[in-house]
């Protein structure tokens, strides 16, 4: 560079960016305790956007990524959402991580017709309103998610554990957070319907690390499996401590524990996890993501929600690409972008992404994996059908 | 019966760990009347110090043998904790010696946040929990009572270490010259200076001692649970603070007893009190409030009115 | 050659100047008193000599060596002991622990032991109750302990700040007698007292401090005879 | 001595004329034309360079002309120059990949930063012994004085607005917002410092004391006028409304901690209680009660319920004192979080929180919608802002009135010496509980606003760290002072917003900021006349050292 | 200080019913008996001196008379009614005190300290404190007026806006007295009011106590300055080891050999002199 020229430094790409820049925002926790997920999400979205810029996916525009930290706090998320919403260049938002933060961000974005695609929220109410199971009603027309909600994943796990693995006396534990509690609730319903007995229900503190008293509490009921609603940072140690306390039964959890770190932290061979989408090995798109992520050299791992964040971002990019082919992007295009996203049909890293009338993913493909030889090995992939 | 016993064992182990940390709270409080919220972070940093040592320094064969690895890591963790505790005293608290009473409290909270975030940002991989090497005999001995009462070897080690260190500390404070200087400073800093005591040195020594205990606790914690996380300090720290107050803040015996009570209430309360494990924290704090209402100075706090 | 030499000492608390250019000297082996009304700055002077306060300006020489840049704990090591205003004992420690703290900088255990015995002989009540917490003692006993503690460092210069405050007449007398005995055995004493009559009759030399300045000086006897002193500090001319 | 300072000023001026960066940074040219050279564009001096230029010129002037308070003024200016040069220099160096960016690289030179920094250091290095802050005794006619006040407050409004918007809204399009803001903050801080050193600030303070009613009214008007400035965007209205919520809560806490001296580490629970009550009475689908009441009534109910809990939490103060009380309040805070997380009584939504609290609406105007008054289009959310400004104003009034009454004096007396207060006939028990009650009522009111503004009420918003931040706001602002809590809350909640760019490091910076602020201003930014003396170098040790139990010895 | 009496006429003895009466008051701390069977009565406008060796139990007796301690046995009655056990209520009933080691509110101004003393006599509810209505302003004005009077009375008017901690020691003691007087007491208990004062200041304090008595207030004074006590009091009570050794007029007490032995000893003038000069 030189100190005399004050010209534009937009470098690198040979794409036509004459129409300007479009911003894709993100709201996720990037500092504090769960930042591992937030940072993985940030990198994955960044990757998708870089790829789009390189491939000139959105003709005439340069895409810019704007991640905003929400510290997992609803009021901070609302602030971040407002900040993004008041910028006319913001086309869409990826996020959030927590359902509770989504609850405060979604209304603000909805008011400005800004599309929001979450890779991680699983709270059913976000797409189906408060009476999600009985009288679903979509609260936010702009809200979509690529993660399967708890109404899907919990029961899916229950079916495998009860019917395939033949466990009949199950202890359930959750971490008291939105995801864990919701997952366990729906797991329990389905498991009981299938004839299993829930012999103990316990909670662990969000920041607990020594679970021995929880384990002692369920030990006397002699369960033959433990279902855990929560994330791997607690689930790994929990699994190990179960064994150490002489309760050597398998632990099962949702996508929150389907991470290699789970095994590092104490997950035992024979533990199960459900995961959204087909296994990475069976999906070339998934492998492509993993490779591209590794090649990009981000300092943090992509985390459990990396592939879905990547997909969520690509949903937006794809819809934008279609939209700006005909007319330039203006604030008024936002409504049409919502419609475009609704029509998405994208072969993504987590499977085919499309949305139902509530904004939920139609991808009900789930996989059960088990820990074997130090990694998760897919056991069974299936499509979940609601059974009422 | 075996459940009751197992929960008691669990409570004692957890309580001993809390007690080790509570000792640091109590010593610092005793000497400068500061609730050093960052002390939990000193514990956390100790654990990461040990982890760094085993990851980057110790050759593999050393780690195989616990009787090599454990002492080395204990020393390593203690050194890191002491360094952090001393630096904290020197740069954050010392300039505030004569400031209004609440200022250092805010500083302590700032140090706590900053340390935790510093580890998260600068320690490779610390954004998620990291596995910690098992540097002591793994597994548990199962007492043949009823269904069996598992006692982790590391858990037993923690209890033993607490007892040994607490007794040693009490003797040190009661009988050594430095211990006497510590007590003198805690009562009247200016007059202590008139006795020829250098408060700076003694206060640093207090922080360092607290650091040793926290570092040891950090390593034992890692060895016991097999992983470390950046927020362990905060959570355990709050419990330790509770324990210190419960026992009578400023009092060594109190910290130990308080720690054990907190551990036992969590384990037994989660089992037998209404609400189960969902409310175990609540029970700890309810017990705390109840104890303080009936004994406002904690179990062993000093009651005597000091005459002027 | 004077033992302690304070020259042009100015000390301030924030914006308040408590001592404004005080000078005085104390000869070796003498009892020298500072008297003056409340807030005159006497306590401030003692606290500055012992290093608890930093002077704004002026100098303090002990045996020709400057003291005023040293921290308190090093000043003690130079042989200056201070029994502070209000006694300031370590209330939650025993008598013996308090005395041992007085000897904190010393490492000669046999010497410390024999000095303890010396103090106990001087104040038998301390010996009888050596295991009791100091905080529960009565005012007079506390005062003895405070003096004993100051003596434990084997000071060359002993500074006593209002040793008689709050003491019964009997106790006051006993303590002042002890001061004289100390002087006779070679210790230099700098005494601050409100009981001017007692202080002046005991002193070899005395200074009157007023509003942070030295206003009068002379031998104890001279000052006792001075009408200004008699009017202001001895309660002469007021009915009793 | 003064020659040195003048030289420093000159160096600073020279620095502003030199180029600052050898690079054009990746995100485009650094703002305020960091690469400008004086000879090519003499009037292009804007932004941080303008600030430096002004400081430099002033430094030269004050080095040559003796004015009262000169040493202190120069010190403030020096600090300002150093801070501004360091912020910008460091930023360019870090972004530009090293020291080369601010010195020499590939034949290009850019010595602006080092030269200005040297200037600043020179100004500071020549610091003479401190002198007292001069006191101005000017009296103008009462109307002139009011006019001056009006002018000062309008300037304040402009400054606040400029601070908020400085650097523009950070984001993808504007990579330098954080740095520009920090630089502006440093300049503004130094400017205020210099004004303070000149004694003018205290003079204005006296003016506002003399015309108290007028001053307060104008201040309120200025606060209400903020939406009309550049800061009148939806985003800043949201941030400001959130700040307002915390400010009102902090004022409540200030009663408990600042006046009565009762350390409360679980105070945010009262905000939470108010918010949960309001959420339950808002008609939100997820609420456990499901009735909808008019908002004014909801505010009253929230306040009352929070007040009742305040009295309950305060009741252990009858027996527990000092730091022991701190842990009791911490315990109550934790119990609240845990109970809310477990959906106690079906009232808190548990881990699902209570989402979908509807926005307020009055007279057909939704608080979330854009407000159009005649020609003026006000940003959405402005009504929340107005509501909260009024709530904060009300809280300030409550605080000030209580402080200036028999009750307030009793609180302060308890803070100073509880035993003596009792011996003077103050019934400390009920009065301490009253402090908790009053504080909790204010927090409950704020909570009702919070519920509607944030739309989701989750236990996660009311954790220990929030209590800590509130306490920090009170202490940082200045304990026991009316504007202190508001100022403290503003700083602690605006700073993280303006520093969003450093998202990874945000909490780290927050922690470090707390440490630094306490290091340099342990008595808080606004110091209470009463407590000023507490910093005397030889302050006596704290009175409550041991748990002194009122010796009611059992018979 | 208004109307300083020039006279030191023989003190009036008990007029009428005692206002404060201690009957058989004992106080034990664990194994230590600080007071045993202490009885005395205080008449209206009487000044009683309380002397005795260090640790005799004088301050403890004050604490029992102000509700700070509840006596282990025995009773204290104020105007014939039993004393409440809460210091605040005792003050409301008309007993005020000062402390042996000054207990002012250090960060409040002199005036505010006195206003706190006024607390019990002010009739502002929390609501009126909040609203600052007309009644509130009236009561504030009344209290401010009273505070100004009292500061004037003890001679501290010029320090009215000064923080208590910045006052010279002797003035702090006087401020404590003003604060106690603000509670409109019938009985004032002074614990070593002249400790640390020189002769001149002590004399001023003596005159102040006389002036207080002229307001109809009864006073009990603890002091080790015997000249002060014997020149001030109507009656002197000598406490030794928690028991009343002697009580009577100053002249009688001063001459009592038991008192000389236990407390007074030989006169101070006989302490030996200096060597220089």
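Just so it is clear, A, B, C, D and E label the chains in written order, and each chain counts residues from 1 on its own.
The rule we apply is simple: contacts are C-beta pairs under 8 Å (C-beta built on N, C-alpha and C of every residue); 3 or more make two chains touch, one makes a residue touch a chain.
Just so you know, these numbers come straight off a predicted model, no measurement behind them.
Steps from chain B to chain E, taking the shortest chain of touch contacts, total 2.
Comparing chain pairs B-C and B-D, the larger number of C-beta contacts belongs to B-D. Central chain assignment: D. Criterion: smallest distance from chain C-alpha mean to the mean of all protein C-alpha atoms. If you average the Cα atoms of chain A and of chain E, the two centres end up 74 Å apart. With centres defined as mean CA coordinates, chain B is found 37 Å away from chain A.
Averaging Cα coordinates per chain places chain C and chain E 30 Å apart. Annotation for chain B: residues 117, 187-188, 190, 278, 281, 302, 306, 308 touch two or more other chains.
Shared interface positions of chain E, defined as residues touching 2 or more other chains, are 100-101, 166.
Looking at chain A, residues 31, 35, 39, 176, 203 sit in touch with two or more other chains. If you check the complex, the residues on chain D that touch chain A are 19, 21-29, 33, 35, 106, 108-110, 169, 171-173, 233-235, 238-239, 242, 285-286, 341-342, 350-353, 355-356, 359, 368, 379-381, 450, 453-458, 460-461, 497, 500, 503-508.
Residues 177, 180-181, 183-184, 187-188, 190-198, 302, 304, 306-308 of chain B touch chain C in their complex. For chain D in complex with chain E, the residues that touch the partner chain are 398, 401-402, 404-410, 412-413, 416-417, 419-428, 434, 438, 530-531, 533-534, 540, 550-553, 555. Within the complex formed with chain D, the chain B residues making contact are 29, 33, 35, 92, 95-96, 98-107, 109-118, 121, 187-190, 238, 241-242, 245, 249, 275, 278-279, 281-282, 285-286, 288-289, 292-293, 296-298, 301-303, 305-306. Every residue of chain E that touches chain C in the complex is listed here, in rising order: 8, 32, 51-56, 100-101, 166, 168-171, 192, 195-203, 224, 226-227, 230-231, 263-266, 268-269, 271-277.
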